[in-house]
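Dropping the structures in below, format is structure tokens.
Next come two complexes, and both contain subunit A; in the first it sits with subunit B, in the second with subunit C.
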Partner chain A sequence: MSEISEVDPLITETADRLFSQICDHESVQNAEVTGEATEIWKAFAETGFPWISISEEFGGSGGTLLDALEVLRLVGYHAAPIPAAETGILGGWLLSSSGQQLPEGVVTVLPSGSENLLVARTGDRLTLTGRGLRVPWARTAEIIVVPVEVDDQTFVASVQPGDCQITPMTNMAGEPRDTVDFNEVEAFAAPVPSDVNLRSFRFRGALSRTALMAGAIEKMSQLTVSYTNDRVQFGRPVAKFQAVQQHLVWGAQDAALARMAAESAAREANRGSGAFEIAAAKLIANQAAARATKACHQAHGAMGMTQEYPLHHLSRRLWSWRKEYGGDAEWSEWLGRIAISQGADGLYPLITGGSGVLR
Partner chain B sequence: MSDLTEEQIRSALDSILERRNADTRLTTMGAGSDDLEAGRRYLANTVTDGWHVPTWPAQHGGRNASASQNALIGSVLREFIVPDLYPFAIGLGMVGPALLTHGNDSQQEEWLKAIASGTSIWCQMFSEPEAGSDLANVALQAKLDGDEWVIEGQKTWTSRAMWADWAICLARTDPAQPKHKGLTMFAMPMSIPGVEVRPLMQMNRDAHFSEVFVEEARLNDQWRIGDVGEGWRVAMTVLAHERAGGGSRGGGDGSTRGAHIPSWIKDLQALPTEQTAIWDDAVMGLYSHDAVSRWTTQRAADEARSSGSPGPAGSGAKLRTVKSYKGRAYLANQSSGAYGMLEDGHGYIELMTAPSMSIRGGTDEIQRNILGERVLGLPGEPRLDRDVPWKESRRGLI
Partner chain C sequence: MRFTPTELTEEELELQQQVRDFLREELPPGSHEPCLGMAARKDKDFSLKMADRGWVGMALPKDWGGSDRTAVDRFIVVEEMLRWGAPVGHHWVADRQTGNVILKFGTQEQRERFLPAICRGELGFSIGMSEPDSGSDLASVSTKAEETTGGWIINGTKIWTSGAHENDWFVCLLRTSPMEDGNKHAGLSQFLIDLKSPGLEISPIPFLDGSHHFNEVTFNEVFVPETNVVGDLGMGWHQNTTEMAYERGGPDRWLSPFSTVEQLLREARGTDLEATVADLFGELTARWWGIRNLSLSVARLIDTGEAPSVESSLVKEMGTRFEQEVIEKLVHLIDLEYSPESESLFERLLAQCVVTFPGNTIRGGTIEILRSVASKGLKGLPA
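Moving on to the complex of A and B:
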């Protein structure tokens, strides 16, 4: 398809402007109480942003994965409380890959695939029994997408939420991560091409989180620089103290690092590969998030601990995303196995060449 | 009172308290719980023989214990169930000891026993919007009017204000003096007219700290603690006790002696994480840090009690205790896998509380400044406002 490897600047500009207008502190806070952000979602959906990179043939908006990830970066930057990744590059991708039409509203997807499910197949119908854990926004979804493996073939099932029992749960950021119980639920399912499978789904999930996290760390760093320049103690802005400057530098470094890693993963993924870059980017984002949240909270003093100040909208999301689609251990192990399998002489080429070397 | 043996202490405590076992979990300081009654019952139970604050004079709720006897009682007490004393911590750990140093006889008489027995709760009204790390910048004003002080101003981040009967309140009595010199300390009843408490919501949805607005509240001069203009000295005593761990009893989770796996490690072991060599390493690193942290805190606390004026050791203790707490919170969350992303995941409250630990009671940076200047004798920070009248320096000319 496309060899375009640059983000369309218009996307960045429009999405940033949109979120600046609709995602204020109050609406983000309010979404935690009600469990949804209907207004934000409506405005977001009107632009077609949720469906970028999904072919128009299946109800998508077209465009590249790179553009879709740029939108996710801005979702993270503005702490927008909406299922953007689930509806688009995760759930939407699975549906369209299996030739299914996307619905108009929110789509979600079982993040761990079929590992907790018993699945039986009869033709194009699957019967699912079991429990899906930490399913983003299941309570407001029109379709719950379930990727499963049956008889060595990956299928994408479209489950009607009404057929399941949904127990509301929330992540640390107050975003819905519901428990979904399937009790002999019947659903339509279609097979996908072999490059779409539970493994590639896991990587794509991680990729979505690296974009969100890069955005959130960047915003957190900016917020901290600006707060510490305004906050005066001992007759000067606290940003003048070297101890505080160290925190600011950590925040800024981690923002740059996470964004660089996320962008290189996005570029490789856009070319159709990128496993190594995605794994590395998720691990980098996880670690950067841990360091940067510490540094930014510390530089804010008590103000950062209050609900009325927006730092926690970012830090709590980062703590949650850090655990989604692979924590530190999972990706460290994966990267370690790959590195060892390349042998000593293969290490440097792996670092410089990334997935290109593994192909 | 002559010193008791470990056995005597244990059997005395056995008659009034319940033993801990390996499964007893300690709660996180002031997170989640609004239970005042458990602490009240415990203090009412232990006050008769002065078990909780052994070094205090017997007539004020203690038992005149020596430092070594106190340490022994502390370690035996760890074998018993002690409820979350967070609501009472300011009185027991900070105000009480400061009153023993700076309070007069009638103040000690009036307040200490009530603190030790859990009948009165205190809060600490030090911080203000413009006075966080720069505490000496407080602006809340106290003006003498006859034999009463008229108080006017605002405090913030006042933990426990909504429960408190009394506040220890740092006020500016002479704006013409340089900032450290024009301060005076008061005890303020929270129920007098003119005092309004507005709870602030924290990011973990706790509302355990508040803004306190004071408008023309009138304080009797007999509630002044220490001399007029001596407020900074009293504040330093209070803070030193806070840092020395006065606010809570010791660091760590109160493990008893001998081979014994602390409950926090057992909790970690129960989590779904694979216990690899890397995990072992992290756990043991924390375990040893914890032990050192407990000894450091104990040493700082003993030093504080025996000298009556705690020194910079408390800053070292606070840095260590905080690092222990945060380390455990992060490791627990890490070990809980994807489940730990949920609001009811293991260690959620600890994780949400962790960032505040290195802020409350004086930030890590401020503790290190204290250690650098007072222990290592490093050159002090430039303090351009030291000799400038506060009413001029506060305008930020520097």
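Moving on to the complex of A and C:
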């Protein structure tokens, strides 16, 4: 067994307390209207949390990927409307991997990288043309990071948002997912080590979503237990009815399953591997989100369908995150090909050994 | 409720390798008709061989013939046996729960008499809970034990008793004093009963496919010596509930269809089918990985001295539904008519699963009962 690293309990406690104070129903709702959550971001940034796991040498806060993912889990739990993943373990990771300094503010990253862009390279300058879709918080970012594969090499480009045309768009939860048009945009780019590429970026994106989703499903499950114990019908709390208990149990199972999957994937990723675990965790989170949102909405009745009640902050985020960095089909096919390649006798060893047997 | 991720230690991985080597030698793949999880054939020779390695009753103390191993060690042995479809039926109940009950609640004499024999893989046990009028409402059992000189006289009927026709002993929940108003859990006690006792009659209740697992066991003035009462009189409900915690949440609740899925992969090798099953295998692999992690964390929790009854109920409820879902997905995918007599082993296994798996969400406590146990332990938002 490799050394087991654990989450620093102080991180959990501090981040949870911070979000409990600044991230209430009203502020999340308000961010949806205005498209930004300046106060929440400011308080979050002051703690240095966005930059955990990024080396101090490049302007990060140090610490482990495990701690960074724990913070993301709490971002999901509190439905915090901030670009935490993009600034830290996605954009920040790409910048620091290529030896670039992080800016002080928000960083975002093109989820599809250079896949839909025309790229021309002259030394450390790239010229990008094309359109990036669903770019989180591009409108408030100081840098738009683009991982680029060109000339059989991977580069990380730092694009100035002012050089692009940004059209504000949103996801199902009303969070910024902007369209970014590049019209022969010139940007500085630096190469990265061979283990950083579009594929590993895709996995890292999926990893970030599993953490967010695990947090949101858990909160949704707890909210549902609380609501059904308060809500009285036929003279008793509806949680006492077997038909409702079924929804509570299913919600709690998916919360446990998604969190276990996310945390197990985080441990492997923290050791620098974990492709199998990340793929499995994202698929599990996707499916758990689908089942749990259904169960929790059903248990809430009409109340869950209103804007005034906070369930939708979680369920709508889950429906969006489910499709980001790989939906069900992408990950089940990837995993399936791996599983089949192990052969019948290797199938169970793969389930118990994960990435360990693929190395 | 908290499931903490855990990983196997070097020693545990070594044990896993030993079990895999043992199985490859004893039951080479392709040489045996795999069993479907814990509803496995009884093969006493196989049980004796496992016991030889110290893998039956392994979590029991050395003083009683066990190996002082952990719940996680037992988890490792059990999951490998079940995924292989090994014939673990003979020692299954004794290993999973009866040994623990006798260790925890039994007298010194009972421990001496039963535990070493359990660990040698010799004794097979049946469980006597359900009755014709007591299923999910277990506390309503009415089979009576009445005190007599030197022991007890038993009258009544137990049903759905798996393996009573082949096993040696019967752990029974019986009523030792009349039902009290308002406290139906009182007045129940646990007994160890020799299945060869005079007056004890065993008759088959054929399973839906005609096979013989279930029995009806009738007691007609059966004498049981007083030394066979397990634990304290009237504490049967509590003991029984403790016993059920061992019964829930382990690999037997999510691995039953594994050998069928594995066989599909074996038979699909190099055929057109292989290309069409990627999506399915991806999903099943992920789900098994996820559920296994939860189930393993329950075993780790047991090793810290906890009794994780909410966690294990959640895992069992989810695991047994998953087992049925797996089979439904296979049936959906495989556009063939299959039967228990198909030439293909995969098709034979699939037919068996289709016919027997409705029972998976019923045995050992229905999923409806599990939901009620689990939901009592769920917590809402932190205050």
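What we mean here is this: the second predicted complex is superposed on the first by the 355 of 359 C-alpha atoms of A that agree within 3 Å, B and C clash if a C-alpha of one lies under 4 Å from a C-alpha of the other, contacts with A are read in each partner's own complex, and residues count from 1 in each chain.
Methods note: contacts are C-beta pairs under 8 Å (C-beta built on N, C-alpha and C of every residue); 3 or more make two chains touch, one makes a residue touch a chain.
Predicted model, so just to flag it, every value in this text is computed and none were measured.
K.L.:
Let's test your reading of the overlay: on subunit A, do subunit B and subunit C clash or fit side by side?
P.N.:
Taken together on subunit A, subunit C would fit alongside subunit B, as the superposition shows.
K.L.:
If you stack the two complexes on chain A, which partner ends up touching A:125: first (subunit B), second (subunit C), both, or neither?
P.N.:
In the superposed model, A:125 contacts neither subunit B nor subunit C.
K.L.:
Quick one: is A:42 in contact with subunit B, with subunit C, with both, or with neither? Answer first, second, both or neither.
P.N.:
It touches nothing on subunit B or subunit C.
K.L.:
Touch check for A:199: first (subunit B), second (subunit C), both, or neither?
P.N.:
In the superposed model, A:199 contacts neither subunit B nor subunit C.
K.L.:
Tell me which partner A:337 touches in the superposition: subunit B (first), subunit C (second), both or neither.
P.N.:
After superposing on A, A:337 lies in contact with subunit C but is clear of subunit B.
K.L.:
Could you give the angle made at the Cα centre of subunit A by the lines to the Cα centres of subunit B and subunit C, to the nearest 10°?
P.N.:
80
K.L.:
A:17 in the overlay: touching subunit B, subunit C, both, or neither? Say first, second, both or neither.
P.N.:
neither
K.L.:
On subunit A, which partner's contacts cover more residues, subunit B's or subunit C's?
P.N.:
C
K.L.:
Just subunit B (first), just subunit C (second), both, or neither: which does A:329 touch?
P.N.:
The answer is both, since A:329 touches subunit B and subunit C.
K.L.:
Which partner chains sit in contact with A:25 here, subunit B, subunit C, both or neither? Use first/second/both/neither.
P.N.:
neither
K.L.:
Should A:308 be classified as contacting the first partner (subunit B), the second (subunit C), both, or neither?
P.N.:
first
K.L.:
After the superposition on A, what does A:256 contact: first (subunit B), second (subunit C), both or neither?
P.N.:
A:256: touches subunit C, not subunit B.
K.L.:
Smallest separation in Å between any Cα of subunit B and any Cα of subunit C in the superposed model?
P.N.:
8
K.L.:
Of all the subunit A residues, which ones make contact with subunit B and with subunit C?
P.N.:
Common to the two interfaces on subunit A: residues 328-329.
K.L.:
If you look only at subunit B, which of its residues touch subunit A in the complex?
P.N.:
Residues of subunit B touching subunit A: 127, 130, 132-134, 137, 156-157, 200-203, 205, 209, 273-274, 276, 330, 333-334, 337-345, 348, 351-352, 355-356, 358-360, 363-365, 368, 381, 383-385, 393, 396-398.
K.L.:
For subunit C, which residues are in contact with subunit A within the complex?
P.N.:
Answer in residue numbers: 1, 3, 5, 7-10, 13, 16, 20, 29, 79-80, 83, 258, 261-263, 265-266, 269, 274, 277-294, 297, 311, 314, 317-318, 368, 370-372, 374-375, 378-382.
K.L.:
What residues on subunit A touch subunit C, complex-wise?
P.N.:
Those in contact with subunit C are residues 1, 4, 219, 221-223, 225-227, 229, 239, 242, 245-246, 248-249, 252-253, 256-257, 259-261, 263-264, 267, 277, 279-281, 283-284, 287, 328-329, 331-340, 343-345, 347-352, 354.
K.L.:
Per the contact definition, I'd like the list of subunit A residues that touch subunit B in the complex.
P.N.:
112, 133-134, 169-172, 174, 177, 232-236, 238, 241, 243-244, 290, 293-294, 297-298, 301-302, 304-308, 311-312, 315-316, 319-324, 327-329
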